[in-house]
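Can you read through this structure? Questions will come right after.
To keep things simple, chains are lettered A, B, C, D and E as they appear, and every chain counts its residues starting from 1.
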């Protein structure tokens, strides 16, 4: 009797596999807490170094933990999280992003005199949120994770609190972000109302067996608003340039890649699992709009961060193209794109954050004149990243675009492809302007040239290697992406187990 | 089977000379340069003589393939040499006269700073000219054709510091190119229809064709186009304009290229293609008419020129006109005959004129000469011989050849003959005018007065004073004088008791294939009815009279009553001015073609289309994009509420759209 | 000989040797002299290696040789497929031949950022060779795009006054145009599942591609636009003069010598190879554009006050000949087109070098600044004249053979086009000789011109090879044609079918 | 009976919401918001969600709104001046919202035609809610702690006065 | 109809109304704090529909969700107000129309 109840309880308790399946999150959280705890006891100078190193180790440990997590795929915590190659992919991605951001933050923090403790902790916690987003299959958890990553980035955006711009960026990001979140929530609510569940698996099942109620369309629309906001897809992109301009450069690097990638992961799950065909057109239009608005807007920008903000809108557009394409190909293309975009954009912002100097004074195109001379290596590196953003071969950007376009063409999205290629043609212009400034103009005002510290170089090296590697041997990553995408899509077709009673599906498969 | 004559040596030897002088001449001494140049030119001549010696033993035409050149699909052109009577004649003329002029140039150019360059060019010219003459196919002929054009470009512009010289060279080349354009099209037609450019193959293909009695058929088109090419090279209407300007070049050049050899290339080419022409009467008529007109037209201009070389230049044009007239009436051999004699006496005249100019220190204006016969007797006498020859005084070379042509012209169409006759009169008139002005009366120049500066264009000698030219210049004069006296006797027509050896010699070329001659092709000399010959005699008499009339007029105006010309000019100044300004042809061309082209290209094409249309369109697209961008960014008002507004509106749109989709489903 | 052993990897070696050199160069210290020597050695080495191709190329044999075909990316199915036939063979050699000359001509003219300059030059060479050797559409596009940045940087960093404008113009023109080609390539891949040129060609011939006929015209245009801008075909040519005028000498040489050929090569290989039917259908207007290009380019060149602009426009004219020949679909026309490509590469390359030499002395390209130079710099003047004559198309020079064949072909296909195009021989004489006269003849107008020195040793090393090759190509074109002819015959094979099909209808 | 209560609470909600918009002093807005929340708690009770209702009162109306009021006091925010900041919001946003709202309302009606909620129809007592919260939704619940942690840190970082060592970087 | 039965649609309409009011507030209010309050209003609207649907489906998940929403709202409130304070410190204003340094 008692034994039976014990057994029942032990059944009721999470199994070790459950923990293993969220191992990276656990590790990151632990490191974040440790950093928080250490922050007060260390004096500023040491804290910069020690905490930074600690954060980096945390991120790397997180990466290792992903390996451990990848060991046992499956659902965990009563269908809260789903560990599959898809989520593993995004785990690796976001945690790697965090690591690079941490690396490139060292110098920046010293220069900008930012308090290390909370900064690193927030990055780690934010990463937890992103990681969870990629693996969560329960709208509740998705919502929480989304909020974690969002709130941490709100705070990080405002970290240069003495700068009015930074505070404003933070405010804008925060207000609009929670605004959009409210929409997302309303979508969730209506979805719950339409299907009676908040679990993606069950929702998709419900939608596939029963008739699709009209309410679902509304809810999908609302959810798209929320997620579209996070990925900066038109027409919900407007916040991006302002926030990117105001936020600290390394954080922009983070925001433009990490949460975006995570949000795309969620979008992928939602789009392919809650498979409402009407969304296709919404995505089509949104993609076209994002590309065009982003590129057009960037043409006349003078502030490099802002320029890259617009460019990130455009890239979100390219990424959405993949969503419009046929599931398997589209998903893999999108995943590859997210990865390569992360590589090049992080690199670009790492360089920018170095050039920016104290108080981020040197972020206009004029400041970039003649940098080819003063910092040959850094300028060359930035050039590579820009070339990759343009989408010229031997860089990841080229393949990323290539896969997206070919996916689109394969699914006969000829017009979308035309718009895309035209945009990538136009888009070349403003990246080229930066290159022009660096190499073809002579410096008119003296920009202090401080040598890049080792950490930054390391970060750049990582990004550079990633960019070139993905640009020459995209095969490995791409194949991984494809296999996981196929899994994802296959799951979107109904499987009865997904709708089994809640309490019993937590055994290790 | 013919023995291998190594014909390739003939052109290649001068080329070697050119190469050696071109690369080493700058450093080496004048003597060395001279040796090289003369040796290689002479060697070519020698080899030509060898060939001539062995000629009788050859089966003709004798073809010598040399090397592959172009192979494209089943179309191929190779380097090959083609020897028959015609090319042998040309060969001997070119090498012989060419060698003499080389010799002459040694003296004439001795003081020129870039002596070696001159001989390099001269040898180069020989190479191309011989390639032209010996070519076994039209394309190889085209090599020579363009090559001599290049050589004349270089030699006319030899004194390039003179703008006039440089422009003249350019003009010559471009006008020639216009002719070559026609030539090229002709070649394309040949390729398209006969699939080959080899003389033998083309002619074999053409022979079976019937003459195109009426209308412009294929052969007629080809013929006319070839004539365009010939007109360019041989300075016929309307493309003769370059030749007078070409006198900017050193006098030996004028003698060699612009009198003896190059300009006759057109005649050679036409005669070479006689197989085609004989079957294209229309084309022949064109040739004849152009030739006749040119002959007359140029001669009239010759009257009013005062520059001694210009006079000769126009006379050259007019004489070439005669040759074309001959070809046009199908008397190809007569044309070639005149070509040869003309090579002798016109070469002589130019060299003599050069000697005169040399003597009076670079002065070319006949009004500043006079009374020179005592001072430079050799020049005087040789020049006299030349003048008589060209004027058609009986017994000299020019007489026979010109008479032959006129007679044939009459047989074809009496108008040709009439015009030719008048031209003959004018010719003898302006030639004697030149003769009188230069050598009679008293000297009107001032050479004794001024020392002759060395780097004057006509690189004369150091000391002033009128004097006979050095022996090295005189010897060629004498030889040419002799030739132009006796040169005609190889072709004395039967009517004058001769037995036209020359024509018989060329007979196999021109009549052996003449299966079906149109009315234009005259019957061969041998089978000529006796009654004709008395007629011919009469016509000969007429032309002789005309020649003497010309002499008389010149004597009257420029020796007996030297003041008359001025009065005449004054009384009919309009006509006179027209003649002096060569009928304003250059001006007309400039106004018609050159200026419109330049301005049009500048204003309409470059500034207009390129800048204002295409570039503007492109740039505007760029600016447009930036403008749009500038507008679009006002979406980014920076106001949070506006942003929220966008979000809300976008959300509303999407919701509406989705509902629509949902309901529609 | 171990030639056969090399055959499989030789293309890889030739293609990537310069890149390797460039990467090594990055590591070298900034000692300009060493850098110059090093890059000269690298480029010469590449040239020598590339000579393996013509030496061991089996003449008279059609099809691709020295081919290497290894899977590179499994999905999408991209292969590392390289090979040359008689067409691309010579373009590769042309590239490797011109690059050392570029190094030499830049020996003293590039003073600052020497390292970057040569790195870019070598990278550019690799990209160019890659364009000509790759038979995988993707690989082709890969190299095609890869040429953009180095060239743009060469113009933009080392150019003259309006370099930025020129660089951006060049970049945007080609970038925007080539994305359409990308779209077309993607379509082909989506419907054939392969990027392999040969495979796609065969499928097209077999007509086994779903709804190909519907899309073919658009695909054709997609490719054609990219190529036409590169060529540049009227009216897409306006980037060329600016790019040339601003580019450094070496840049101009490679731009005119090789980059433009990418366009014509592309037309020959891809437009004709993949879309014979559309090529035939579109030939009339394309030939018309080419014709306009020939005459228009020549006329505009004639009135240019700037030497480099003049040469640039003359390139427009010459490339017009190439396009005309290609779209005449005749053996002679295509042979001629190929030959003009090579000849133009040599002679125009030489002209640009000579112009650069002059610019080095006087820092201007304005023709009016000169005059009477023949007296002060005889050797230079002679070399210039020689190259000018080659470019004018004098018989026994390289220019003539190609133009003659092109005109023959065009005339066979469409007599009127042939005749009109033949006027080109007049125009070229006009503008080049006039320019030559204004620069070298007449009296010396400016005292500065008395001081300028004659062509130096290094410059001779750069220029004279061009002159020599120009002559050899004119005298013994057979050496080249014997390899080109069969390849062209191949390229024309589908047209025989199309013609027969057309007859069949 | 239920309906009557619903209408009463609903009326309060509507009034509060409208008042929130109407009022120009933040304090008034805050108070009206509190009213809305309280009324909502009533609605929750009607729907039988006692626990939620309680939390609504304690957390929302209590903690959160107190925080708001506190901040308003801290920054002694005055009357808001009606600046013309954004035409977009008024001429694009508002109509958009209204249409969107109307459409959504239509869909909601269409969705739940005639369906009614039985009084106190509660699927389970708080105990069961706990079962969900601490068993099925254990992970989100735990993760929430991170969220709170972040919130605290963020508040500390952003709201705390910049310490002298962190002087304005210039 | 049974007066003790409240149609589900009433709850939904009410929640929708609250949500719309929140959006409108965001659009028309100038005071940052008020705008933030309107967001809270929106969330409340959402909560109401959650609870209503929960009752309708007899699924407690809805109520749990509401619980989480509240937590999040609280957290957001903490951060948001902190941000507002930071902004006020730098800009000395709470009028949203004047917080537009970053634009274009």
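By definition in this document, a residue touches a chain if its C-beta (ideal position, glycine included) is under 8 Å from a C-beta of that chain, and two chains touch if they have at least 3 such contacts.
All of these numbers come straight from a predicted model, not from anything done at the bench.
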Just how many steps, at minimum, does a route from subunit A to subunit D need if it may pass only between touching chains?
1
Looking at contacts between chains, which pair has the highest count of C-beta pairs?
D-E
Chain centres computed over CA atoms; the one at greatest distance from subunit B is chain D
Most central chain, judged by mean Cα position vs. mean of all protein Cα atoms, is C
Centre-to-centre distance between subunit B and subunit A (centres being mean Cα positions), rounded to whole Å
80
Taking the mean of the C-alpha atoms as each chain's centre, how many Å separate subunit A from subunit E?
26
In whole angstrom, the CA-centroid distance of subunit B from subunit C equals 37
What is the distance, in whole Å, between the centres of subunit C and subunit D, each centre taken as the mean of its C-alpha atoms?
69
Where in subunit C do residues touch two or more of the other chains?
172
In subunit D, what residues contact two or more other chains?
85-86, 89-90, 93-94, 97, 103-104, 107-108, 111-112, 137, 140, 144, 147, 150-151, 154, 156-158
Could you say which residues in subunit B touch two or more other chains, in rising order?
633, 636-642, 644-646, 648-651, 653, 655, 659
Those chain pairs that satisfy the touch definition:
A-B, A-C, A-D, A-E, B-C, B-D, B-E, D-E
Within their complex, state which residues of subunit E touch subunit B.
23, 26-28, 30, 35, 96-97, 99-104
State the interface residues of subunit A toward subunit D in the complex, per the touch definition above.
12, 14, 22, 25, 29, 32-33, 36, 44, 76-78, 80-81, 111-115, 118, 121-122, 125-126, 128-129, 132, 138, 140-141, 144-145, 147-148, 151-152, 154-155, 158-162, 170, 190, 193-194, 213-215, 217-218, 358-359, 502-503
Residues of subunit B touching subunit D in their complex?
637, 639, 641-642, 644-646, 648-653, 655-656, 659
Mind pulling up the subunit A residues that touch subunit E in the complex?
139-140, 143-144, 147, 151, 154-155, 158, 161-165, 167-172, 174-175, 178-179, 182, 185-186, 188-190, 192-193, 196-198, 241-243, 245-246
What residues of subunit B sit close enough to touch subunit A in their complex?
625-626, 628-630, 632-633, 635-636, 638, 640, 642-644, 646-647, 649-651, 653-655, 657-659, 661-663, 665
